[in-house]
Amino acid sequence: MTGTEEMIKDLTRRVEKLLAEYDPARTDRLEFLRARFDAGLAWVHFPEGLGGLGLPRELQAHVDRLLAKAGAPDNDPRRNGIGLGMAAPTILAYGTEEQKKRFLRPLWTGEEIWCQLFSEPGAGSDLAALATRAEWDGEYWVVNGQKVWTSGAHKAHWGILVARTDPEAPKHRGMTYFLCDMRDPGVEVRPLRQITGEAEFNEVFLTDVRIPDEHRLGERGQGWQVATATLMNERVAIGGGDIPREGGMIGVVADTWRRRPELRRPDLHARLMRLWVEAEVARLTGKRLRQKLAAGQPGPEGSASKLTFARLSQQLSGLEIELLGEEGLRYGDWTMKRPDIVVFTGKDAGYRYLRAKGNSIEGGTSEILRNIVAERVLGLPPEPRVDKNVPWKDLPR
Amino acid sequence: MSEDLNLLYTDVEESVRDSVRSLLAKRCAPEKVVALYDGGDAGQRELWQALAGELGLAALLVPEEHGGAGASAREASVVLEELGRFVAPVPFLTSAVVATTALVEAGAGNLLGPLAAGEQTAALAVPLTTSPDGPIPAVTADGGALQGTATSVAGALEADVLLVPVRTEGGLQLHRVPAEAARITPLTSLDMTRQIADVDVTGAPADAVAEGEAAERAVRAALETGAALMASEQLGVAQWCLDTTVAYLKVRRQFGRIVGGFQALKHRLADLYVMVESARAAARYAAAALAADDPDRPVAASLAQAYCADAAVLAAEECIQLHGGIGMTWEHPAHLYLKRAKADQLAFGTPGAHHARLADLVDLPAA
Amino acid sequence: MSEDLNLLYTDVEESVRDSVRSLLAKRCAPEKVVALYDGGDAGQRELWQALAGELGLAALLVPEEHGGAGASAREASVVLEELGRFVAPVPFLTSAVVATTALVEAGAGNLLGPLAAGEQTAALAVPLTTSPDGPIPAVTADGGALQGTATSVAGALEADVLLVPVRTEGGLQLHRVPAEAARITPLTSLDMTRQIADVDVTGAPADAVAEGEAAERAVRAALETGAALMASEQLGVAQWCLDTTVAYLKVRRQFGRIVGGFQALKHRLADLYVMVESARAAARYAAAALAADDPDRPVAASLAQAYCADAAVLAAEECIQLHGGIGMTWEHPAHLYLKRAKADQLAFGTPGAHHARLADLVDLPAA
Amino acid sequence: MTGTEEMIKDLTRRVEKLLAEYDPARTDRLEFLRARFDAGLAWVHFPEGLGGLGLPRELQAHVDRLLAKAGAPDNDPRRNGIGLGMAAPTILAYGTEEQKKRFLRPLWTGEEIWCQLFSEPGAGSDLAALATRAEWDGEYWVVNGQKVWTSGAHKAHWGILVARTDPEAPKHRGMTYFLCDMRDPGVEVRPLRQITGEAEFNEVFLTDVRIPDEHRLGERGQGWQVATATLMNERVAIGGGDIPREGGMIGVVADTWRRRPELRRPDLHARLMRLWVEAEVARLTGKRLRQKLAAGQPGPEGSASKLTFARLSQQLSGLEIELLGEEGLRYGDWTMKRPDIVVFTGKDAGYRYLRAKGNSIEGGTSEILRNIVAERVLGLPPEPRVDKNVPWKDLPR
């Protein structure tokens, strides 16, 4: 029996034990989730005592499968994407023992939802330019500033926050990372409406928000390093999973083409076929990337996949409107709403077209990603920098 | 094609532009326009009154003998550039260009007086997507009574008078229907600054203003004029997007540098500039050919629409992208231009439809 | 499609690549290859002898029972990547892939011995531009004697044996004709590293190796395999163009700066990199599907050819442009790659032809 | 009678006088051309005594028309494009009286052909980086270096040359402009073969070439300024004249499309129509530009026209090969030749495709032109420069 097989057998036993002690049919959802966490079956690659068992990450799928089969509740991971995908690994990497104990369990169970307070109006692609100040008043860090593009801020209990603690230092060296209680009276959340009419995101205004020093994550001045770790976890998440042929936007357009022969025109067919080829090749490229990762050949090519995804979703959704013709003049609903979950291919063609515009901006603009590919993959010279060794306070803004 | 057409702006045209622009700058701020998306009032009625009445734009294309200014498509195109630049929610294109052209070509100039005076507004009741060379969508006449719905009509919500193509046994007719006699259903539109509506004229009283070939000619001339001159609106949209993006990138800083100094963005803006100047040549040529009633008019119209429709969309898309996150927000006006550009791309025939029309006109058959 | 196909390179494939590359690096320098354009000798015969004989590449796709290596399309695709990278003027694709596939599929494996041993070279006598799903160009048979010319045949100049599709009253046949019995006229070719020729087989002695459906199946399988695996050659061409351009721009200085540091060029190279990696996924999938005889094979072949053909052309065009003037000169090897890429774009069907084939295969009809 | 009408009448009289004194049917070609020059009818906008009459440039067309009608020989301007388009206006602007007297007449008549010695292997887009040295030995300027992309060098009598005279000065300030006798024994011309197989251009090796100081054009150290004037004249020339609809590469492809229905395919039709539209719009854009110039509204938009021209000629010639299919695999002739005149749309499809690649490189690469449009038209910030104020000799190369 190989090591993996043994580990799987052991995990199966642990799952059976959990199910025996906490029958999902008769146990309160939250109670079950807490018990699952305490049994180390939340995220098996986390350490023991912190929801895991120190096992390889891939084995989680086995646990999930067994529990789903038994009808056990899950932690509804889409409700807390930032918590699970970004906050948790960062807390694990940089947190104190107390912080890990305090935050990871309610994060995983979904009792505490998290949001991300990084971007600012003046610090988008250039995150290190951020201006939100955190000043130590002897008792608390007192935070003032404005954050933006914060999804879920209105539902979040905690926010991962980067703020400037030393304006005299060069921009990358004067920041500190905090865990910010979103229920502090100084936190004001305002929905940020987008071109689709919806407000997926928020602006967050921070006025004399008080953060105790035990909610500082990492060292003072280490904020850039901690934030970079968070963002690397974001990029991993964007890579996404396997999708079938015609998954995503191409499937929507191909489906319309098949169902509605009256819309077909030769010029649109030429464009459709070109995009079908590109979409299928992009899918295979993603598949190849995941095969490389699985074979232990990680690479920075995730940026390439995101570039292609953004371009294709924009071109396809633009084509769809031309294909629909008269129907393309309509729109589903302009009413301001706060969606819980965003599905790029959901809703109507107009929504898809407008929402896709964000694909080349959010999570790293296509321009920044091209820089990354050029510099880190191809080894071309970096952009001339004028802001590396200047105190932040002296930089022009 | 005519090699002697003037593609520049005359002094008269520049002065028309100045007066339109200064009025729009005062009365058509994007913060007001965006209210239309939430069903609010953007002051669009008063704005149109001012443009039609104070500036006399409703009378531009109406012949002098019918109380109009007897100006040409050249002046109208300059007006449209400015209306595009402000995504102005007014029925100039639908009433003062398309419906007016239909009536003039139908020989019904005597009906133009109230339009020229800005007292009435008219709309041609066909889908906004109708191209000049396709089949003409029409309602039917059951005995004497109209029956049917014209879908996705632009300008219907603002109209007092509807011009309705009617298919009869004797051929196409163009009827005049009072708007209050039709059931007009507003549609939630991608571009709420030119909201479309379904127009059900079943049972409405109507009188024919043209019949047979004359009716067909009138509708086609109206659509071709719409296609030709909307190119100028698209130019205006593209120009605003370019100007606004360049201005923003001259002040926005990231990584300690003016963002407009990053070469990749400079090159994209240079390409955008080249495209906008090309769109200008195409739009000007279409307007000049129309004004001169040049035999190349159909080619000029489809050429301009094929080129400018895509140019406006691309300019608006680049505007959003190069603004970064702020361009994705409701509070920045860029989205108004993207929605207008994308809806305009479908209006009066997509670029693909105009390519097909050009293929016929210039003898480059598909097969 | 099969989701379990391996799109990576296996260790075996990497070792095939290494041996091919190290031989080509020694014996196939661009300064030698370019001589072909002036009718000179590039040592191409000796090179092919070395590849076919020393490395046994001619035997790769020949089944073991016929003296071959019984390797799969996966290994052949890696060989083609390297041949593309060196624009190697050898008949691997035409003889060891296309003609070999035709004979295997025709059930004429017994004829493959001399090919596998590198003693003979074969070519399928159809135009290089023939796509897998179109009509099969064929000569005729007048009584027993062949009559006609196969035009624009690749590999004919190097061939000892020609496989000639013959249209008879009883249907298609595939004939074997000794090259010395045909009149082979070399053509001045855009890509002299794969020079084409007209092959007149009138009156040549011939024997049929397959008839009817078997002949048709053999020819189509050969063409589909050619299309699928040429994608790897195109990948090799594109990869060389990217690598060479990046390397040059890392040392070239203008305006006191490393040219590769100018952001507009960085972004173009990033896009090129994304395209080359995409081409790799497409080419690998086609090879893997072929090797596994996967039902998705036809889609995989046309997908790869549609994508990689344009990718190689674009990479070669960008290579020339980003080298500036030096890339336009005869002494820089970039032009060899541009010419190969452009000719390859036409070979086995243009991207447009493969789009049309895909439209059928995946049910996206044109009308 | 307006001023223009009077000038035209006067010019007509002068032409009649010339024709009366030198009957073209009975006068030696060169004798006639010299007489025409001396009559001020060569380029009427040049000063009197230098082939002109100080009249507006547009009036030249009138003179040309009258003389052509009378069967008079012309100076075959395509043989001496660089002389007439670039050297002559520069000599007029910067030359001494002696230089103008000496050079302009034989230049115009074609007795002396000119070439341009600007670009170097290490100085392409960055002309000011040039390394060819000219050192004053007390008697002569002694020139050593290598020039490239010199069309017509093998037929030229004179070359306009920029060389470095002061390596201690920053790169733009240490150059001087010379008129170089191509028959000097130190001048070696080698054909530079291109990807088409032809050698349109040459490399020129300069070894101890001796140039007297009276062949210096402009001041010592003023070379950059004089060369810039020359290049501005080049850009004016590239603007070109009115062409009819379907003039240029689109006409070639459209003609094939019309003549050969068997080649038509839907995907190619979609591309053809898109390019037809772009080509016609580009033509109208050029027409509008010339109308602006004629109306006294000059602008820097010529760079935009050249960008579009290059892109379209490349896309169209690429499409043509796909359209031709099997025929596209062939090429006319790879034999090394030195063409006298280059016609982009001439010869076979393969030649057009390959030659078009140069359109985005020669006379300013498309990348440089985009910089020019971005900076001079749109007013965006210039590229960061590291070489402006450094002595040339200290720059990395």
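Going in written order, the chains are labelled A, B, C and D, and every chain counts its residues from 1.
Assume contacts are C-beta pairs under 8 Å (C-beta built on N, C-alpha and C of every residue); 3 or more make two chains touch, one makes a residue touch a chain.
What you see is a predicted model, and the numbers here were worked out from it, not measured in a lab.
Asker: Which neighbours do chain C and chain D have in common?
Answerer: Both chain C and chain D are touched by A, B, going by the contact rule given at the top.
Asker: Distance-wise, how many Å sit between the C-alpha centres of chain B and chain C, to the nearest whole number?
Answerer: Chain B and chain C have C-alpha centres separated by 52 Å.
Asker: In angstrom, rounded to a whole number, how far apart do the mean CA points of chain A and chain B lie?
Answerer: Averaging C-alpha atoms per chain gives centres 42 Å apart.
Asker: Would you kindly tell me how far, in whole Å, the mean C-alpha position of chain C lies from that of chain A?
Answerer: Each chain reduced to its C-alpha mean, chain A and chain C end up 44 Å apart.
Asker: Rounded to a whole Å, what is the gap between the Cα centroids of chain A and chain D?
Answerer: Once rounded, the distance between the two centres reads 56 Å.
Asker: At which residue positions does chain A touch at least two other chains?
Answerer: Residues 266-267, 269-270, 273, 367, 370, 383-384 of chain A touch two or more partner chains.
Asker: Give the residues of chain B touching no fewer than two other chains, as numbers and ranges.
Answerer: Where chain B meets two or more other chains at a single residue, that happens at 257, 262-267, 352, 355-356, 366.
Asker: Taking touching chains as linked, do they make an open path (line), a single closed cycle (ring), a hub with spokes (star), an all-linked set (complete), or other?
Answerer: complete
Asker: Okay, in this complex, where on chain B does chain A touch?
Answerer: Residue list for chain B touching chain A: 37-38, 127-129, 151-152, 187-192, 196, 253-257, 262, 264-265, 313, 317, 320-321, 324-331, 334-335, 338-339, 342-343, 345-346, 350, 352-353, 355-356, 366.
Asker: Can you list the chain D residues touching chain B in their complex?
Answerer: Listed in rising order, the residues are 242, 245, 254, 257-258, 261, 264, 266, 269-270, 272-274, 276-278, 280-282, 284-285, 287-288, 291-292, 295, 297, 301, 304, 307-308, 367, 369-371, 373-375, 377-384.
Asker: Once bound in the complex, which stretches of chain A touch chain B?
Answerer: 119, 121-122, 124-126, 129, 148-149, 192-195, 197, 265-268, 314, 318, 321-322, 325-326, 328-336, 350, 353-354, 357-358, 360-362, 365-367, 370, 383-387, 390, 395-397
Asker: Spell out the part of chain C that touches chain A in their complex, as residue ranges.
Answerer: Chain C reaches chain A through residues 1, 3, 6-8, 246, 249-250, 257-258, 260-261, 263, 266-267, 269-271, 273-274, 277-282, 284-285, 303, 306-307, 352, 355-356, 358-359, 362-367.
Asker: So in the complex, which bits of chain C are touching chain B?
Answerer: 262-267
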